[in-house]
Each structure stands twice: as C-alpha cells, then as structure tokens.
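To keep things simple, chains are lettered A, B, C and D as they appear, and every chain counts its residues starting from 1.
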Amino acid sequence: MRILVSNDDGIYSPGLAALAEVASEFGSVRVVAPDGERSSTGHAITASRPLSYRRTQIGGFEAFRVNGTPADCVALGAHLWEKVDLVLSGLNLGLNLGNGIWHSGTLAAAKQAALLGLRGIALSAPATAEPDFAPFKPWMRRVIEALLPHNDLCLTNVNFPRNPRGLVWTRVSVRRYDGQIVPTTDPLGRPLYWFSVTPIEGAEDGTDRWAVEQQWVSVTPLRLDLTDEQLLARLQASRPLQEGIATAVSPRRSSPEAAEAVKREEAETPVADPQVR
Amino acid sequence: MRILVSNDDGIYSPGLAALAEVASEFGSVRVVAPDGERSSTGHAITASRPLSYRRTQIGGFEAFRVNGTPADCVALGAHLWEKVDLVLSGLNLGLNLGNGIWHSGTLAAAKQAALLGLRGIALSAPATAEPDFAPFKPWMRRVIEALLPHNDLCLTNVNFPRNPRGLVWTRVSVRRYDGQIVPTTDPLGRPLYWFSVTPIEGAEDGTDRWAVEQQWVSVTPLRLDLTDEQLLARLQASRPLQEGIATAVSPRRSSPEAAEAVKREEAETPVADPQVR
Amino acid sequence: MRILVSNDDGIYSPGLAALAEVASEFGSVRVVAPDGERSSTGHAITASRPLSYRRTQIGGFEAFRVNGTPADCVALGAHLWEKVDLVLSGLNLGLNLGNGIWHSGTLAAAKQAALLGLRGIALSAPATAEPDFAPFKPWMRRVIEALLPHNDLCLTNVNFPRNPRGLVWTRVSVRRYDGQIVPTTDPLGRPLYWFSVTPIEGAEDGTDRWAVEQQWVSVTPLRLDLTDEQLLARLQASRPLQEGIATAVSPRRSSPEAAEAVKREEAETPVADPQVR
Amino acid sequence: MRILVSNDDGIYSPGLAALAEVASEFGSVRVVAPDGERSSTGHAITASRPLSYRRTQIGGFEAFRVNGTPADCVALGAHLWEKVDLVLSGLNLGLNLGNGIWHSGTLAAAKQAALLGLRGIALSAPATAEPDFAPFKPWMRRVIEALLPHNDLCLTNVNFPRNPRGLVWTRVSVRRYDGQIVPTTDPLGRPLYWFSVTPIEGAEDGTDRWAVEQQWVSVTPLRLDLTDEQLLARLQASRPLQEGIATAVSPRRSSPEAAEAVKREEAETPVADPQVR
C-alpha cells in the first residue's frame, strides 16, 4: 500500500513525523506537505500561480515541501507518485470538531484525496499535546487498523482526546458555531479585528465534540456531496420551479459540446489581455 | 431587510456592483468584500493576524474593503453591521459547479453566513460574461424573489447559464472531479506545476452542471452538515466501535468544564513562547 | 514623453489618480500599479511565480493592475510599453523620510526605473492628507517642472509638507532610525509583536526630515551605488586584503565564460528536482 | 559577543546551520530567521499585522522561526535578545552581486542590523553549492576574523566563489542590471510574465562581480545613506532651489512639536475608520 502523508501545520511539524512513522507500519510512506504553516486555509487551492516543491527528509522518509495549500500538496503528490492508495493528514496540533471543520486545512487534505478517488483520513490531537506524541501512536495505529478494512469509507475525520478510552463512530456537531470577531487596536490606536473562537456549551451525545469531551476517540464518516437532499425533495414537491419543462425538453445527458462550453465558463476570466501596446 | 453583499473576485469586480444594485431593490445594502482577488480560497479564514478594513463606495453603496478572505468579510461585516438578514455573494465571474464548489470562495461567503445563522446565497455567471452584466440582472432578481419566501433555505448555490431559459432546483454533480496537475517550467528550466482544470463529460440530469449545460438557471439547496448519515448508520449497525459503552458510561451532555477543556484544545498551539530571554 | 505612473498604496488610491492627472500635462500617461496595498514592501520583486495584470481605467487613463510589488509593476510596465521616459511613483499617503526610505515601496518603484536606465521620481504626501489632493497638484507640477531639465537626475525622492513654502534640495536624514518592536497579545493571550515607528527628535538642517518639518518641499537626489567609497579607500590603504595579487594575476575584464558561470550561481537553487518517481 | 544569525532562505536552510556553526566559534549564537523562504523580498518589513515566532533548534542552537521578512527577524531578534553585537545573514544559496543586491533579503537582514546601530554582515555562496557547505566553513571563518577588528565596518556584503583563492575588498558593480521580464502562458493559454535574470557581460575589475568571476572572495563595505552627495552639491551650486531662504528663515533644528507632527504624517493612513455603524 502507498500512503501519502500531509498536514496543514507545515512539513516540519512533529505531529506529521509521528503520523508518518505509524503509517510506515502499514505501507510505503511518502511525505508531501506545505513548506510552512497553513492553518485555517480550508479547502483553498492555488490556481493563480504554479506550484513547486523541494526534496527533504522527514523522520527518515522521502519528503517534498510544497509552496502551496494542504489540498495542493495532495493533488501534486498524487500526480508525482502514481497509484497512491491512502492519504493521511495530520497529526494536527489542535482538534477539528463541529462546524470548525469547514476551515480546517487538515481535513481539506483528506477531502482532496476523496475528490481524487483516493481514501483520506484526517487525524487531530489536542493543541497542547506538543511535543510528545508518543502516547498517541498506539491510538493512531488502532484507528488505521479499524478503518482500513472499510472500503466504502472514503473520507474520515478523527479526533483524539488527551486520554483516550476507546473509539466511537460519531456525527458532526453542527448545532453551534464558535467563530467570532474580537476587536483590538494596533500600536497607533487604529482598530483591528481578530477572527477568534469562543467556548461552546457541551454538545449532544453521539457527536464528535461530545465524544472528545468524554475522552473517546471520535471517528466521523464524512461525505463530499453538499446537496441537502431532504430539502431538495421537499422543495421540488411543494414549490417546483421549472424542473418539469426542463426534464421534458432537455436530454438526460448533455452533448460533449455543451459540456465543453460550460467547462470554459467555469474558468476564471482571462488573467490578462494580450493585445496591449 | 439588511443585505450584506460580498464576493471573492475582490470589491472592485463589476459583478459585485451589479449584484448590489439588484439587492437594493429588496432592502438596505452594504458591501463588505476582499480588497483584492481571492479566487479558489475555499472556506479559509484568517486566524494568524487581525483583519482591517477601509471605507469606500461601490456603485453608490457604502462599502468596506477587507484584507481577508470572503469568509472573513462576512464574519467581520456581520459583526460591524448588526442584524444582517441575508448575505449575497457574487456575481462571480466563473461558474461554481459540481465538486469544484469545495474550492469556491464565492460559496464560502454564503456558507459563512449560514454558519452565523444568517441566510446565504452564492451567485455565479459564466467567466466570459464580463463586463456586461445587464442581461443577468433580471435573472438575479427572479432568483432572489424565488428564494426569499423559503425560510428554511439557509444556503443556496445559484449558477446562471449564458442564455437562461428558466429556473430549476438541482443537486450537486459529484460523480467526477475536474482538478488536475499540469507540469510546466520557469524561464531557467526548473519544473513547476499548475493546479488546473480539465473538461468533464456531460453530467446526469437533475444536477447543477446538467442544468447550466442545458441553459437553465441552477438553484441548489446545500447543507452544512458533512456527516455521511447513511454510512454512519450502516457502520454503527454492522461494525460498531465502542458507542455502546460510551453511551452507557458518559453523560448525554458534557459538563461546562469538559466543554471548556476541549475548547482550549481546539486552539492552535501558542503562537509564541513568552519566556524567551 | 511617455510617463509610467505607479505607487505602493494600490491602483485605486486617490493619490495615484491625482499624480496621473498632473503627469498628463507633461506627456502620455499609463498607469501600472499593484492590485492592492503593498506598503513597506521595500524593493521586493516577485521571482517565485509569474506575474499577471488586468486592464482597468484610472481617472480616464489606461491602467493595468498587477498582482505584484511596485518594483514588479515598473519592470512589467516598461516591458509592455516600450520607450518609457519617466516613472512617477505616488502620490503616497505617508511621508518617506530618512532611514525609513529603505522600506518604502513608493521609492522602490522609482529605484526600479533607475535600475532599468529610466528616470524615476517618488512623491509622498502627509498620511492625513487624504482624500483631498487638490492642494498638492500645483506643487507636484512645480516639482516635475523643476526636475525634468536635469538629465543627470536619475532618481529623486520628493516629500511634501502640509503647507509648502517652496522647494529645497536636501540630503537623507540618516542619523536616527525610527523603527521599533512593540509587544501585544492576541485574544487568547498569546504574545505578538508589531514592527512600529517611534517619534524621532528634530533632524539637522539640510536634511529631508528637517525640510518637511519646516514646511519646505524636500527634493533629494539619490544614487543606486551602495558602496561606501571613502571607507573602501581607507580599508584598501590601511588594511589591504589580497587586492594586489588579485589585480596582478586576474584579467581586468572577465571572459564571457566566467561571467556566464557566475550568472548561473546567482540564480536560486533549482526550485524542484525533476527526477522524482 | 552575542551573534544573531538570520537569512532569507528560511530557518531550515542548510546554509544557515553552517553559518551558525562557524559563528559559534566567535561568540554566543542565537538563530532568528523566517519560517519559510523569503528570497527577493528586499528590505520589506511587515507593518500591517503583528509578528509571531515559535521556538525550535537549529544545529544545536536556540532558534526562533518568525512569520516575517529577514528585516523583521533582525528587528524582532534584537528586541527579544538584548545587546546583540553582530548580525550574520546567510549563508545564502545564490550570489548577491551588483545591482541585484537591491532585491536581496539576505543583505536586508544585515542592513536592518546597521539601521539598528548593530554591525551586519551578509554572506552568499553559489546557488549550486548545496548541500555540502563544508568547503565554505574555513572561508566564512576567515572573513569573520578579517572583519571583526574593523569597528567602522557597519555593513558588509560578502560573496564566495566556488573555489576561493583569497579575499579582496571590492565595490559594487553597478554598470549593468540583469533583471528582465520573460513572457509565458498558463495551461489555459493566458499570458503571464516572469521577473527573471539575464546574463551580464564581465564586470570591471575591482567590483564584486569581477572578484567572484576570478574566484576571489568579494568583501564590499556598504553605506546606509542613499544621498548622491556629488550630484547634490552640483545642483545646489548650479541650480539652487530655495535653500538660501529656507536656511535663513528656518531654525537649524526643528522644535519637538514640528518633529512630532511630521512623525504623525509618516504613518500610514488609519487602517480603518472606527465610527462605522
């Protein structure tokens, strides 16, 4: 098995080295990770400039540091190293729970794997755990052992509490959101604003947040389809738009020409205008 | 109604001005948008430095340009302007369809609204439509009119074809992914890699991509919960972990102390170490 | 005369529009400026990725916004628009005096012009002058009229006081430096550090700082050669290294092969290593 | 002696570790360097956001990686570690010769030291020298030994050829500039532009470029004052502006009030406008 290891804390994070070491028990390991910290970058990709990498060594493993986002690293790594089977992202310094996972670069690396048809697992530890990751190694091993047999598990988000009691399947805690704006000033008194976080009351049982609060390793199966199917079905039934006509008059599959035309419309506008002088 | 207008093409994009003008027919408008282009930034937020803004005017509307991501703009705008009811993001120069929406900054602004408990609508037009947005104005108006009455529609992704025939509810086209790595070189011959896109075959009917290919305005209701509930239920039934014990021995709701402890573990590691000298 | 106008406050700064308007009285004007604020970027250039631009209009003039530094804009502008005669940079919101000019992006645009063999003039106004630049227009005109006839003036740094009394030639005030580090914290109490400025006592007469303090327009001729010739002569006389042998055994001009070899050594190390798989 | 070691290739560059090791023979060493590559950033400083650092170890030395420019690192390092005597910057992977030194982050770290009243030495090696820096260690030692006794040498730029024959004092080669714009395209055919370099013909003897071409270690004393004194004197004599009146009616030193007023005008415009709602 070929295992690509990435993260969003940057290639020199001790959490990545610990994860790579555990991963090497399951297959051949290659590290492809950002050349610096890329926390909270979400699923950003770098489309406005080309990427590059430099070779290095991380904990004895062949490693590539990339001037891009976690998602860039997985796309570039899968391109350079054919037939990747599994992407592991982490071990992140900081939990990725509830609605906060939208901003997570750690999870984005695993999502990028799933987009590419590979399997992706994101693993996160308490922020204050650094620098001793030894206690998490047996738990990372147990998680990988538990997940590998499930071929239908394309995308999984794992969070470790400080003192794990065991593993539990969980769902995402979506009831509350903990981001908030906090005002401050610079040395000359000019107003500035931090995008910070605020404590959230205890979550409901069965969720990722609740599991970690109760010292269980939270293992959450995620999906890539953002469609709200239930709402969609309800809207189509009660407040239809023109789906009826559309289905009647349009082919069930578009022609290659129509697909190609839309593809061109997805791209950004031309970066520049050549006829300048 | 108070309507916040944002985008990811930057505050001076003509698409934003066109959207703000249409929005002003439905309520009081304020523009809060990035000070430069932030395409493909996904749901990134700026957590490592404070944000700032400067006042300006966009098409006669009070406007604030922010040195941050689309999601930052919505969070900061909602903080500075209390009681925002609706966030409109766009009109983007370039379609946001299928799996590509994971990378979309346009959609991230609308998602950030939904995370904050507000309603968010992302609107995208063909990339080559610039600079004449007049033909899209009546269609933006029709979309807003159609969506406003549905209070349960928290997050909607809208894409306009070049010559719209009408509106249809759609689901996300998730079968294929169009991102790919394309090698190139710099002037000194050193290898570089573009994260580019490749054409995708025609999508199945009922999807956002199919709708736009057939010249219908695609209106997709989205959700914020990434949990794969069906897979979760299957896994819990067929391959349980320790949910049984966990539920038996743990309270259904965590104590405030446990919640607070986990909250601390979500934060990044300390940015710096104070005891230096 | 072909005049390229740039700045470091970004292409939408009202100071740039005011300068372009005055410049148009002296020749044909084109604006090439950063797409966002690039203050304090010094003489940075963008070597790790390619640049791009988009066309726009600034105050009726043909304009190009570039995703790069002020120095990038001048190099790209001179490439795209052949036979540029003069580069004007500003009107900057904030004075550029004394040792602070090392960090100035406004001056860097003018320096880049001088490096390319063109003439460059940097113009800066008090930071609190925005948004009414009308009072500075006659003074900008007077400065350009005064400098144009001097063909040997390749690089000039101009600073306007709030209420100018006239123009004076000055030297740079180098006795003191006003940068300093100011500690602060983020919302979670983690230490951070601002690179800020502190007031400097009154400068000696004849300097740029003194002139502006006394409400004179400061006009400083600058050079591109950083060599400390006096110290060099003293060191070669009193503490020679091996200049004697070097001059005796080495040709006065290197061979093309030697020059080419050194050129290769100036480049960065290869961005990436091609033989990866 | 307290020696601060920095660079612009990033804290994990093997050139920095080699320089720190040699530096430790002369005094107590601390490393404060950028957390990633910051090549070609010139004398940029970070004024729009606060800086932070994290502790690490580089080659056994206490080290701090900073999310800022080389100049930021020196300012922050001098703030955190009182009584720094000497700043060494490098060993850079790539020569810094002639007019190219304007863009050099390596030299900017040494210049920042000089601005702060400390001594600064920038050291650069051929770009293709990596990863074996052992041959340069005795030469770095010789340079530091040769420069330390000269207290009037505040700022020195040193470049090593591949096979050094000895040390020579040099001046900067300013006759030619090697930057140029090279057009390219992205995968969708849109035009882009590289800021690249072009070979320069052999330089005149006595210059930094000539020395390295002839395999001598180039040691160039630099100054911080950019004033062109000769031209200034000529202009004041032949084409005076209003220096006469200015000197007659203005005090030789400004009042503290005038100095403070100008200081305020140097600052950027307010980052944001507080009275928003």
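Assorted remarks:
Heads up, the rule we're going with is that a residue touches a chain if its C-beta (ideal position, glycine included) is under 8 Å from a C-beta of that chain, and two chains touch if they have at least 3 such contacts.
Keep in mind it's a predicted model, so treat the numbers as computed, not measured.
More C-beta pairs in contact connect the chains of B-D than those of the other pair, out of A-D and B-D.
Checking B-C, A-C or C-D against A-B, more than half of the residue-numbered contact pairs recur only at C-D.
Taking the mean of the C-alpha atoms as each chain's centre, chain B and chain D sit 42 Å apart. Rounded to a whole number, the gap between the C-alpha centres of chain C and chain D is 16 angstrom.
Within chain A, contacts with two or more other chains are made by residues 37, 48, 50, 52-53, 67, 184, 186, 188, 190-192, 194, 196, 267, 271-272. Only residues 37, 39-48, 50-53, 68, 71-72, 75-76, 78-79, 93-97, 99-103, 108, 111, 115-117, 126-130, 146, 150, 152-153, 155, 161-162, 165-169, 171-172, 174, 177-181, 184, 186, 190-197, 199-206, 209-214, 216, 219-229, 231-232, 235-236, 239-243, 245-247, 250-256, 258-269 of chain D touch chain C when the two sit together in their complex. Touching chain B in their complex are the following residues of chain C: 10, 12, 35-37, 50, 56, 67, 186, 188, 190-192, 267, 270-272, 274. Put simply, chain D touches chain B in their complex at residues 48-50, 52-55, 64, 67, 80-82, 182, 184, 186-188, 194, 196, 271-273, 276-277.
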